[in-house]
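Structures incoming, each one as structure tokens.
Here chain A shows up in two complexes: once beside chain B, once beside chain C.
Here is the complex of A and B:
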């Protein structure tokens, strides 16, 4: 029985990953697809670089610069993974009109949705890598391979990706029940988190009454851990999280990720039940 | 029908509509296509929230970056203005350039071609309706940005500002009409191309910083996009430090915008005629490639 469950879990994930990759990549020839995957994030990073360069007379040695640059680079994962998982509901229900067939297939729907996010994770990883590489080569972002805290980096990255996938599942669950605005929800949440998680500016720049929102979000701690693992001296430059050790941050990240994971699982169960009960699985809103 | 209704009465009720041709038909088509863009906005007011909320998030993020690096306050205003103008660019991308592709997907495009009106009038209607609806959003973003971030405007000439804005919009939507023809032959690539033409254009057109920051020839090349010069000229006219940070003089920018208006509108007409013929000949008007 256990084996059957494992097999169903794995099959759902594997097939969804393959399907997601086909949908993401088969609209263009590989070269165009690679250009597409690179140009957008580089342009986005360049806006910040130019803004920073104009005001500081290109003082890229200031610790604020790697703070902004790396935060922006890793934030690509937020839109990619979280949006990728939740977008699968819209894509299958509204565009391809296949969600009902997925429901009758012998697969686990939450696992299927998580699998659909993998393709975006892969393309997102390329974008993150290229963005950071461009920063190191052209803008002297102070990443030294020998000084990177690799265990902290990979562990934080892994937990963060799982956390983002679960947040995507949470959004996907809500999307199951939405008629209107399901298209904007992932973009809206990603945009809001970009603002509140201190991705591109330290949290103390925010008005004091907004800072608690940032402190409640696991992404804030995740980005800080990634920065610290790559360029350790960044942490000392800003008072926001300077009082926390790496272990403190890691603990907070794990606790918040587990909390969001549990929330996502329960939210999916409830939303899935409501969607089936109200006949929303095969609905096409044409909205 | 009751027997006591006479034939003349029937004729008066079922009188055929007078045949409309020429410029009247053109005008009616423009109004008919602009109408749903404006009325649609009223019927689903909650869209306004997303249309204003999402750009405001980006604007706020850039404003806080400027604050973090202690930029002069006028740069906050630059970011707010740029954020408001993104509404027009997004409208041109998603509701002009990609529109014929969406219409094709939904099966309306063939009906547009069959109907006895000009495609140019349909595109113009889309442009006018979209422009007016988007102007409301842009104003809302500027208003909110001004309130939230205490932006100070020092308008040197309202007349020039109005002229620059109108020329920028005419050229921009002319460009959108031209791109609509090109996108007509695309399938899913249309979605991705529109998606791709966001951040790179925000970058090269200086939506969030003065375009003067770029080397001259890069800024000059980016001026092919009407919002580049339009935004630069508007910043020169409404911010105290605008003239010092302007790319070239407002007069020159107005002249270039005039040229762009003509080029894009004529280009739109020529391309539309060509693409329409091509699409009909290749039988791609009714295809739907998901």
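Here is the complex of A and C:
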């Protein structure tokens, strides 16, 4: 019975993924799924497009347009994966009241939380794909299948997802310690990073003293790599990261991802310890 | 040779509570547990008995690695719960009563199966155990029901099955019958006793504020109030310790001049009191030994007094609690609600 440790890691991940998928795919109503995974992302992309059109006088030929459109589309993953991992803490603690039973079970809680985010990656992918498809079909976002750098795309996507999951763990760790008002933290952080990671405008637009935040975020390099892998030199024409080769960007992404990953693991240990000290594992907000 | 299943040494837990709006910066401290030292052997069914707010849940949370102690140490299956949770967790399981937890969108079977997988149980074995245990608690026909469609009581039963399902070395049940109806409580008590009797290596710690439950079910009971363990022993020893004397009440026909003093003078009779009643008398006896009853009865029959009824007064755990705490458990709970 005690052949537990060897497979503890894998077990935590596998079952958490299963649970995450059960929760994510629990579309009692297909309409709800359509609204959530398709209409909502398309609606927010449309707002962006309209605003862009007004500001640039409908200059959709400018390379700025695919830059913005793709940045926004891939940013869906940030809310989904990063938000999904940290949301699992709130969901299990407040809603299902199972977090304490997860804790008592012989699993690795960080791995469990990461697993819960995987399902969000899958549903998020649907939104990302549909948003990009709409851009290509209706707005002439210049993606040409033959010119896509597939290896770069998939490698960047993979590393980015792991990176976002680790950022989610970082947020989830903090969430463990926040009993009140913790509901908005993931959305708040995702919203703030939207502005600091070059998703919809180059970092140059930011005041100089805020730019380092953007340069320190792996998301910045990740979005740039995805743009370059899909539309090549159009994206390269932009000043912010134009001086970096794909390999440079890739190296920076990996290094920053590892750094955030290590930070997340230590943050989890510390927050976990503090949470047990303060009795927060099973603490439910009283309204 | 085998280590104790559970041991605590001078265990204490303090909660820091923030004051309300008016006194926001005043930090109060509340000692939920003080100086708790208990030792529970493998194979025991141990009960923590105490009113609401006594500190029972706090103790369970510490023992199940959810909460850090403020002072002292605690060991489960020989491992320190604070520093070695990774060794404690595979050996334990825990269920809290009086709450409805679980994933409402999953069926009863799925909820349970998922947890069995977290414990690394082979899937087929887990499914068999799930079916067997659900039948035992009378949930056999609800196995494919979404758990959101279960009543709170049935959800609690599902949760209890989750605890037994993984067959832990030490099982913690926090108020397992809280909020269950009489029949369901009986099912759960059956399950508890049966599980322990099946394997002498299993240990179970439960908390309750029901006297009868502790008395009927537990091998040993610790009486806990305001964070302190006041007494810890088997229910029968606790009751015996309460008062050495054995109490009898005898209803008799009219006394024909027999005095209480005459009975008290008999050997081994501690006290005797007589109350005249309409059609006879009530004789209350406190005897040092039960064998002293014989001479008392002889003395009565010698005077041609008829015995109409004879009752031995049994102590209950309730009496023990009242003696230790100064009031009954019901009064203690009423008091804490008034605060």
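Quick notes
Simple rule for what comes next: the second predicted complex is superposed on the first by the 271 of 287 C-alpha atoms of A that agree within 3 Å, B and C clash if a C-alpha of one lies under 4 Å from a C-alpha of the other, contacts with A are read in each partner's own complex, and residues count from 1 in each chain.
Just so we're on the same page, a contact is a pair of C-beta atoms (placed from the backbone, for glycine too) under 8 Å apart; a residue touches a chain by one contact, two chains touch by 3 or more.
Values in this document were obtained by computation on a predicted structure and should not be read as measured data.
Taken together through their common chain A, the two structures put chain B and chain C side by side without a clash.
Looking at the shared chain after the overlay, A:117 reaches neither chain B nor chain C. In the superposition on chain A, A:68 contacts chain B only, with no contact to chain C. Rounded to the nearest 10, the angle made at the CA centre of chain A by the CA centres of chain B and chain C in the overlaid structures is 80 degrees. In the superposed model, A:194 lies in contact with chain B only, and not with chain C.
Of the two partner chains placed by superposition, only chain B is touched by A:54; chain C is not. When the two complexes are overlaid on their common chain A, residue A:96 makes contact with chain B and with chain C alike.
Look at A:39: by the touch rule set out above, it reaches chain B but stays clear of chain C.
Once chain A of one complex is fitted onto chain A of the other, the partner contacts of A:218 are absent, as it touches neither chain B nor chain C. Of the two partner chains, chain B is the only one touched by A:184; chain C is not. Measuring only between alpha carbons, the smallest separation of chain B from chain C in this overlay is 6 Å.
In the superposition on chain A, the residues of chain A contacting both chain B and chain C are 96.
Residues 27-28, 36, 39-41, 43-44, 46-48, 50-56, 64, 68, 95-96, 180-181, 184, 187-188, 191-192, 194-195, 199-202, 205-206 of chain A are the ones touching chain B in the complex. On chain A, the positions that touch chain C within their shared complex are 1-4, 7-8, 11-12, 14-15, 18-19, 22-23, 26, 96-98, 100-107, 273, 276-277, 279, 281-282. Interface residues of chain B, counted against chain A in their complex, comprise 44, 46, 50, 53-54, 57-58, 60-62, 64-71, 75, 187-189, 192, 195-196, 198-200, 202-203, 207-210, 213-214, 290. Contact residues on chain C toward chain A in their complex (touch as defined above): 15, 61, 64-68, 86, 89-90, 92-94, 96, 99-106, 110, 114-115, 117-120, 162, 167.
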